[in-house]
Amino acid sequence: MLQDLCVADLASAVKVNGFVCKANAKATDFTTMALKFPGNTNNKLGSLVTAANVMQVPGLNTLGVSMARIDYAPGGLNPPHTHPRATEMIFVLAGQLDVGFITTANVLIATTIKKGEVFVFPRGLLHFQKNNGRFPAAVIAGFNSQLPGTQQAAAALFNATPPVPDDVLAKAFQIGVVDVEKIKMNLK
Amino acid sequence: MLQDLCVADLASAVKVNGFVCKANAKATDFTTMALKFPGNTNNKLGSLVTAANVMQVPGLNTLGVSMARIDYAPGGLNPPHTHPRATEMIFVLAGQLDVGFITTANVLIATTIKKGEVFVFPRGLLHFQKNNGRFPAAVIAGFNSQLPGTQQAAAALFNATPPVPDDVLAKAFQIGVVDVEKIKMNLK
Amino acid sequence: MLQDLCVADLASAVKVNGFVCKANAKATDFTTMALKFPGNTNNKLGSLVTAANVMQVPGLNTLGVSMARIDYAPGGLNPPHTHPRATEMIFVLAGQLDVGFITTANVLIATTIKKGEVFVFPRGLLHFQKNNGRFPAAVIAGFNSQLPGTQQAAAALFNATPPVPDDVLAKAFQIGVVDVEKIKMNLK
Amino acid sequence: MLQDLCVADLASAVKVNGFVCKANAKATDFTTMALKFPGNTNNKLGSLVTAANVMQVPGLNTLGVSMARIDYAPGGLNPPHTHPRATEMIFVLAGQLDVGFITTANVLIATTIKKGEVFVFPRGLLHFQKNNGRFPAAVIAGFNSQLPGTQQAAAALFNATPPVPDDVLAKAFQIGVVDVEKIKMNLK
Amino acid sequence: MLQDLCVADLASAVKVNGFVCKANAKATDFTTMALKFPGNTNNKLGSLVTAANVMQVPGLNTLGVSMARIDYAPGGLNPPHTHPRATEMIFVLAGQLDVGFITTANVLIATTIKKGEVFVFPRGLLHFQKNNGRFPAAVIAGFNSQLPGTQQAAAALFNATPPVPDDVLAKAFQIGVVDVEKIKMNLK
Amino acid sequence: MLQDLCVADLASAVKVNGFVCKANAKATDFTTMALKFPGNTNNKLGSLVTAANVMQVPGLNTLGVSMARIDYAPGGLNPPHTHPRATEMIFVLAGQLDVGFITTANVLIATTIKKGEVFVFPRGLLHFQKNNGRFPAAVIAGFNSQLPGTQQAAAALFNATPPVPDDVLAKAFQIGVVDVEKIKMNLK
């Protein structure tokens, strides 16, 4: 930070790491209603992530934080993913969740958290949350990045454009190319 | 970050910037129940901040995030304060709040936010929240520091130990020493 | 720092965190006469801060340092303030000063320093200097930011535009609205 | 960096982020023969990563760089993985490689590089290298971290200890639990 | 890093610390053939440094790494120099080298490394490599900066434009002005 | 910075990057008289640098600033040197100085500054000050590091322990070994 504020000019033709600054800052640059209502979890995974990062809250530019809400149907999963640029801390708004992250030594650190409890997912490590309860669940997540980025392992590997070659995935997962194609089809 | 994790050994005799690391990490190092229940707002300010930082969640050490919940009685105020080491982003759990921060150009950026809405307080700038609604309010705050630190302007100036000299405060606020002493008494 | 130099183009229409770079660097970009003469201390506080930051010395852009000189009449006060983006170290050019900073635990660390002595004010913490001697005093301050920013507690709270609401200040300082209005008037 | 050097005392009982410093530095702290000879690629993946990071070169502590060599049999794969703490740049010592990384928008950026050419894998993004040539291949990798960390997606998800629950993986990859168990078996 | 990628737009009229970003990223932005062939060492020093930094590989912008290859004729010297913005780690591709760096306490840390071995030169410290073997030598260098910068002590002092005054150099090296002029002539 | 303060425990047996923290902080940890009086310039170079960094002011630990005073006899030179970890900004206390720094493109940026004026030396670049006036001169320097480190080019190259080999220096400066030995002798 080299100045108090640098509200993102999301429409500028000049592109920098982050965003160039708008001429003025006003209160609406620092707020959003994006997280106000539960996301629609009627999808294959039974979960939805709704972001409140610099794209929704331009005042976050250069300030190093953002938030998201995640909603989970019963059985819903926020599948294993990483945030390349942020540690994440979640607070359970409703329901309960099985949560875990995996270290670079392939150690799973996991537990179950309930309404009002928190958990931490260190920067860059694979992690997930699953609602194994009978009721919908929701969390608020805090990140130490204005744009944490999210890379879902399954989607990145099996649903990229252009696609990751089948032979890479077959060898990585020690499965056949037919299995790879099946997963690719399922994840479309 | 020079490694995946460095769970704080809060009891170590060796003191460093942050904390030295415990030998092992377990899931309980990354969670707390501290934020589960509303704080007691039966005090002069009508608000209470409850922290979930590295002191409560030792797994946060070196990870650069923390959270807090703040509860407000009707009329309750989280008085003007700074976090020397963090930007703060809040999400309203219940009620509504008048919120604002002041830039180094002495410009107030303020608005009212309601349940499900967010606001941002840039690192190191004075800010406040006040519940001018008729019902209790509460927020979850996310910070980009494992220990943001909090400096309330009124308490730091008028209730420090040892006390800030009266002549400094009288001149700073352009009031009399008697007025200073009155504020000091009230803030004890 | 991604390159040797990036002399600030203070007039550019493109605004970034810090400043975009001018095409060329010359020696005059790295110097200023701003600090050459004592500031005029004939004001309510009896002190004046004169900056030599990136606004006066465009060569400082991206380099992470700046300086200021502060002059104090006898009895003059540089009132309690924070620098959101810098630690400050001062060297006494003349006279003597009562100096102090307040930690987030509301502990005052204070002493008296004389000509040729130094003191340190950690980043983001409230601090002040007062000339309780009989002669004018002056210091040179070094900062680890090209634009440290300064937030005077009294002015930010009682002289912001638009104003911080009276009820916020009254509750924060546990005084009446009339007292708040009096301070606001005095600090105009 | 707060000093010239801080050679890691790998055996110290005091654990910090990185390592505490040995009392003295000598030339052998800054070198290793670890990368001198090709790694043994006679394994399921047909590749081997050999590290020269702070664990092998204690002088790297606090200096923010490390290296590795990677050897590939014909058909060998360094499977999709991330480095949570480093960007990687590789230089091809021998042979040719199909290389690629996937952005958080699930875009694959891939090409083929040959002896003497380089490629870059941005911090925290999934990437891979595969030797589709007829001869052994090898690269030297440079990282901007003393200990980049490596998380192989397949191994982290399907071979963690304790294991990631089958229902999480089945839902994430949209496959059956039997398929999950098969991959787990294959990756042991 | 505030986003996955920011491929340098080297031709933009807008100059920032580093580079503004191109609209799109493609695989060719992340590779170069610059290091493919040995540099021409037929010069006074008998060595040549060939860079693969952000100027050759625009995809490196904001990613914090770069590489170079250095070739040495028998007797060739990469003369004492610093990188103001990077630690350097080298891997010997061929031959053998006498290498060393000098700490701020004027301690030389030096050794001889051979093909396949590595050595580290901490950020900002003077260092050199000399091929005292009978055969050509070459290294690959990794840096933790997209543009490390190189300042050769002899050339910077005795071959700058405009020149460093003779009296400065004479007093610094405790030699006569005639000696200074001789070195200046030799280094042209 | 992970906490308000971490006063250096300079005597601790545990060595880290920077210093471990003392249990308590007091005002004397943040001040020194080291800069109070002019340094003795009766030496070969006619100048003396007196430091007020973390070694003299333990409270500076983790705070990222320090100061120094430099005194110059008429004709005195602070010879070409770098600070590997800091940009430097100087304020002239007395006299006048010819000052300059050299970029990595071997461009000299130089001027003359007088009492009350400032100049900036970017991190890691060679720079010098020379008193070509008829009277003693002195400056206060501010740095953005608690321990900037200083590497004088001439002393580091010609007066290191163990010595930099003559053949390296002869080739670097394109002079004879006899010339090298003469400079080594002069700089002892």
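Read from first to last, the chains carry the letters A, B, C, D, E and F; within each, the first residue is number 1.
Note that contacts are C-beta pairs under 8 Å (C-beta built on N, C-alpha and C of every residue); 3 or more make two chains touch, one makes a residue touch a chain.
Computed from a prediction, not measured in an experiment: that's the story for all the values here.
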item: Neighbouring chains common to chain A and chain C, by label; value: B, E
item: Touching both chain D and chain E (chains); value: A, F
item: Farthest chain (mean CA position) relative to chain A; value: F
item: Euclidean distance of C-alpha centroids - chain A vs chain F, Å; value: 47
item: Centre-of-Cα separation between chain D and chain B, whole angstrom; value: 40
item: Distance from chain C to chain B - Cα centre to Cα centre, in angstrom; value: 24
item: Interface hub residues of chain F, defined as touching at least two other chains; value: 1, 4, 14, 16, 18, 84-85, 100, 104, 110, 122-123, 125, 149
item: Listing of all chain pairs that touch each other, if any do; value: A-B, A-C, A-D, A-E, B-C, B-D, B-F, C-E, C-F, D-E, D-F, E-F
item: Residues of chain A that touch chain D when the two form their complex; value: 44-46, 77, 79-80, 82-85, 98, 100, 102, 104, 106-108, 110, 122-126, 128, 130, 149-165, 167-169, 171-175, 179, 182-183, 186-187
item: Chain B to chain A touching residues, read off their complex; value: 1, 4-5, 25-28, 30-33, 35-37, 52, 57, 59-60, 63-67, 69, 86-89, 91, 93, 100, 103-105, 109-111, 113, 115-120, 122-123, 125, 140-144
item: Touching residues (chain side chain A, partner chain C) in the complex; value: 1-4, 6, 9, 12, 14, 16, 18, 20-23, 61-62
item: Residues of chain C defined as touching chain A within the complex; value: 14-18, 84-85, 145-147, 149
